[in-house]
């Protein structure tokens, strides 16, 4: 692993599906364990992973409507496949618990403690009518695409969309 | 930003969902604004972003059937989540308009004027029975995976799938 | 192409959709044809592409239930869009056959013969209650995220999610 000390992983998360969040976190935790730096940039539906359960969109009717539609938050996300009205989500959560696989939120908190840089996309926050107080405390920064590109300009870049 | 002048962003777009197109264009516009080169390679459903409203598949019955199924084109795409039979698409378009966020097509045209290289996947065109005259004039090239790999061999690579 | 001899492509496949598998294989075959090395790392739903038709999850009730839900295997996958209860899948397979485009499995076998390194994600196998004998013989390794990161630390990285 020494060869990659000082290496870097940048993950762009555009999806709010549970399994996509798991994949992002697994990669980040592996990178951190191997001595790399990790940056996680959450944009669009990916912001669900950073919104605490009480967060909701403000402003126009439409921002509030989208916020009401999208029930997902840091502690609960749907599956991209076989969600089955929540039954699939429940089954997968339970299967993960049986296999002692941490949830996305638990993994995010762990990644944060291991030094990951967690960024929420400023454009998405504006579009959805959300602000800093709607997000979990583990979020380090609110920033735009330029910040992602700077982080991504060296090392491994993974897009989870 | 100067440090990255001469840097490069290559985006592979496999999805035809509106929010994925927005993400791709935002990244490209940020890269161009920061002095990088940007290449956008559209393949599979992503080709919807480049098909003008009158474009349609020719050839076999099946190519025509797929073309008839896929109503999306450069001026209109469905949302990947909460499309709700078009209502979600309408609401998101309206929300973007209220927030003065440009549409995917407007962003593509702007990226083109800022020097982005816009490529349509030749294999997909063949599979779907489409040709150059079905595409918007901003398309610079029709090319295969090898061209994508050459562009991607330096700089930041993002896959929107 | 000579300029890229010794270059490398690493593809992370998180999706089990047929068109995503085609994209991954097309990229790998182009890379191999151009003198690059190619590593394909299949995780989560992507594991469907490596599961032979008789493979099924063991262990807890939930692992078996997910295995029963997910009918897809190396020889048959659903489309991410316009699957239409299997009709879309059938039409796309037929369209590919008419255009002489190989299936995902045929492409994987060809990539294997051209030297691609095909890896199944060990965490996913454990989560789904699958093991080596449920996978097609073309799988070269069963490994974790660290192996993906090592392969991805140079060359082009594409994520199909």
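Should a chain be cited, it is by its letter among A, B and C, assigned in written order, with residues numbered from 1 in that chain.
Please note the rule applied: a residue touches a chain if its C-beta (ideal position, glycine included) is under 8 Å from a C-beta of that chain, and two chains touch if they have at least 3 such contacts.
Since the structure is predicted, the reported quantities are computational estimates derived from the model, not experimental observations.
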Call it same or different for chain B and chain C: same when shared residue numbers make up over half of all numbers used at their interface. different
Rounded to the nearest 5 degrees, what is the angle of the rotation that puts chain A onto chain B, matching CA atoms? 120
Centre-of-Cα separation between chain C and chain B, whole angstrom: 24
Touching two or more other chains - residue numbers and ranges from chain A: 157, 159, 161
Partner chain A, residues of chain C touching it in the complex: 12, 14, 16, 43-45, 60, 62-63, 65-66, 69-70, 123, 126-127, 144-146, 148-150, 152-153, 157, 159, 161
What does chain B use to touch chain A in their complex? 1, 4, 7, 9, 15, 19-20, 22-23, 26-27, 29-31, 33-34, 36, 80-82, 88, 91-92, 94-96, 98-99, 101, 155-161
